[in-house]
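Both complexes shown next keep chain A, but they swap its partner, so chain B is in the first and chain C is in the second.
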Partner chain A sequence: MYNNKTVLGALGGLLMTAGLAIADPVDDTLILNEETELVTRTAAPAHMADVVDEVISGWHFRGVETRAMQADDFDNPGMIFVEQAEDVWNTADGSEGKSCSSCHEGSDSMKGVKAVYPKWNEGAGEVRTLEMQINDCRENRMGAEKWKYTGGSMQNMIALISSVSRGVPVNVAIDGPAQSTWEQGKELYYTRTGQLELSCANCHEDNYGNMIRADHLSQGQINGFPVYRLKNTKLNSVHARFKGCVRDTRAETYKPGSAEFTALELYVASRGNGLSVEGPSVRN
Partner chain B sequence: MKTILMATTALAMSTYALSAGEIAPTDVSYTDGAVAMSLSGQPGDAAEGRSIVGNKKKGNCVACHAVSDLADVPFQGEIGPSLDGAGDRWTEEELRGLVANAKMTFEGSMMPSFYKTEGFIRPGKAYTGKAADDTFGPLLTAQQIEDVVAYLITLKE
Partner chain C sequence: MAKGVKPRVKVPKTAAAGDSITIKTLISHKMESGQRKDKEGNLIPRSIINRFTCDFNGENVIDVTLEPAISTNPFFEFEAKVPESGDFAFTWYDDDGSVYETSKSITVE
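So, the complex of A and B:
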């Protein structure tokens, strides 16, 4: 770590507040709890080589305080929800009297899992998000009620499962049985929706680094989800984020948990293959 | 984020109807991207146009464009070129076409079409995320387009 980076970062924050645009992602290194260095920028995966050279975590597009908050578990408000989920992990629920730990032992047994989701499920014959897998365990193994897709219990658990994978590179499979879903997601990514006729690519591929009004556009990566947002002070799911972005094109959105958003999630996740899992991350 | 780009108010949309002398969004004729006739049949009001360009709930052009004349409006975007000097670079007819439907001038432009009502994929009801209903109208009214054009013409270097 070079000290001057911190200084430059602080200056960047000041300039932003003064209303001056900072075009580029901040040059900084994310070191978690002063020990684990995370990969927040890396060469683009092969399937994206013709559109961008480098993939960059949303962390680089946020201000100096927000970045610092995420680097320390004591300062990261998302970690409170991870702790809550740790209790739930060990608490029996449902007709079978089982908890997550009955089948999976400690939550650290989930290391690496977040990095490969969404993922093809052979038995179900479909690509599943982590939320879908969790609800499958709850319903069919625990005899418990499903959790709401974007709700607190669900996103707390996703945050726990993500937290134990921090530093593991995202590596979702896009070939084999997942390929057609991936292609559907790609199609959605490039479709210009709504009355504003904007696609994800318009903002996050063609204009990352640019300001759109008060927002510094990132590449819209999802390696940091769930995201604790200072704006709404809770954990935000990937599909809730997608919904917000689609709504902002003045379009009719898809529903969280829908086949469309699942396909889009697989595609967007694949655009971050090689970045470290970062969730729960902190954003404004 | 809710009103990140231009938002015609729900009220303006539900009361949207053509008045005498107005050209409907579906009837505008473009020649090399330019539109010859006033869309409202009336001249524009530059002062009103200035407020539309800077206002989040109206044109919100500053979401994407910087305008030095609007120094009082914070957080100007950098997606499109600065609008400074637009009145030197373009004629009134060209500016009208640019604001009504920039894609007629710049193929595939990211700039939204402000006077268009057809051809959208999954159009929504403003920023609700719900499907469009019968209150759907163009992003700006014919007169608002004229006001914006009248303002843009005043932007000389």
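So, the complex of A and C:
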């Protein structure tokens, strides 16, 4: 599966001189709570047919303890935040005296929602992330303050909505009205940025499975977001991760919640079409 | 009382007599070490869980002293031998004097 991968650019050169370390993704099966088997590797969606054969969840690129942590809800620290969001789900906020449950009933009614976001919103005439949709609910239906895009309250709620979809395959629409946004996201994915002149693809398409110093490069799939990271002991949003990656190329980054990152999120999500929703996942 | 403290435990519902079972406990707590300073340079006072105990039918199973270096949301996993049906009682002691308790029953078949 590596024969169609090429090592390119400055980074590739750096790795070559240091001795290229190959570390394959681990062969393992993710069974959640000894019940639900999740799809963590599957055939690549049609639009990626000429770049990779198989899409692989970031879970396969992490250590044995980290993988085990995610397989059990009690051991998964991300589930603490899910529980906190469950309380918020049922608590009225804002001038209308409504909670999430006033319109949506139980949080399990959200099953399948995370799998199809970002998604075209006909009324607004734009592609929206789940965060944008939640803030729309808060402002226009509840009369409540918007949440900070990458903040704790927001990511807790995303984790709750994601947790009830675990096992549902990611299936974002890339055609129809979403197509132009998707094309923009694809453009961004392959655009080199920063002093290091790296695009997303240079690491996550050309070099996944290789070590970048002590880090095991994954395909950069986002089916596991929000991610509980052991390094900062909190839930991390997709856009915060994008920002971190772009910053690491030594570029000025787009802002979380910006149109650019929304387009990129749609494109990157579509690269994982077919993988199970995993969030909140555990990574290092 | 520290905010958002919530104890959680995982104990099997049944076991065979004399079996060693695995118990997992987690309490959400910020575990403020007392070493950090706020923006103005003032020391943030220590606020941690300083002791955790587990008893089975009144007999002590484990008694732990926690120190400030222990990270947020302390998690414990340990084994206990269950000779008979009964109740596990779990207790966490907060620096501020709060005591958090929870219990779980187990049936020996």
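Note that in this section the second predicted complex is superposed on the first by the 262 of 284 C-alpha atoms of A that agree within 3 Å, B and C clash if a C-alpha of one lies under 4 Å from a C-alpha of the other, contacts with A are read in each partner's own complex, and residues count from 1 in each chain.
Rule of thumb we're sticking to: contacts are C-beta pairs under 8 Å (C-beta built on N, C-alpha and C of every residue); 3 or more make two chains touch, one makes a residue touch a chain.
Treat the numbers as computed from the prediction; the structure is a model and nothing was measured.
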Identify the partner contact of A:Gly244: answer first if only chain B is touched, second if only chain C is, both if each is, neither if none is.
-> first
For A:Met211, is the partner it touches chain B (first), chain C (second), both, or none of the two (neither)?
-> first
By residue count, is chain A touched more by chain B or by chain C?
-> B
For A:Thr191, decide between first (touching chain B), second (touching chain C), both and neither.
-> first
Quick one: classify A:Ala159 as touching chain B (first), chain C (second), both or neither.
-> neither
If you stack the two complexes on chain A, which partner ends up touching A:Ile80: first (chain B), second (chain C), both, or neither?
-> second
Where does A:Asn202 make contact in the superposed view: on chain B (first), on chain C (second), on both, or on neither?
-> first
So which bits of chain A does chain B touch that chain C touches too?
-> none
Contacts from chain A onto chain C in the complex sit at residues 74-75, 77, 80, 83-84, 233
Touching residues on chain B, where the partner in the complex is chain A = 1-2, 4-6, 56, 60, 62-64, 74-79, 110, 112-113, 120-132, 136, 139
Spell out the part of chain A that touches chain B in their complex, as residue ranges.
-> 19, 21, 23, 191-198, 202, 206-207, 210-215, 243-244, 246-253
Within their complex, chain C touches chain A through residues 4, 6, 8, 10, 24, 26, 28, 71-73, 75
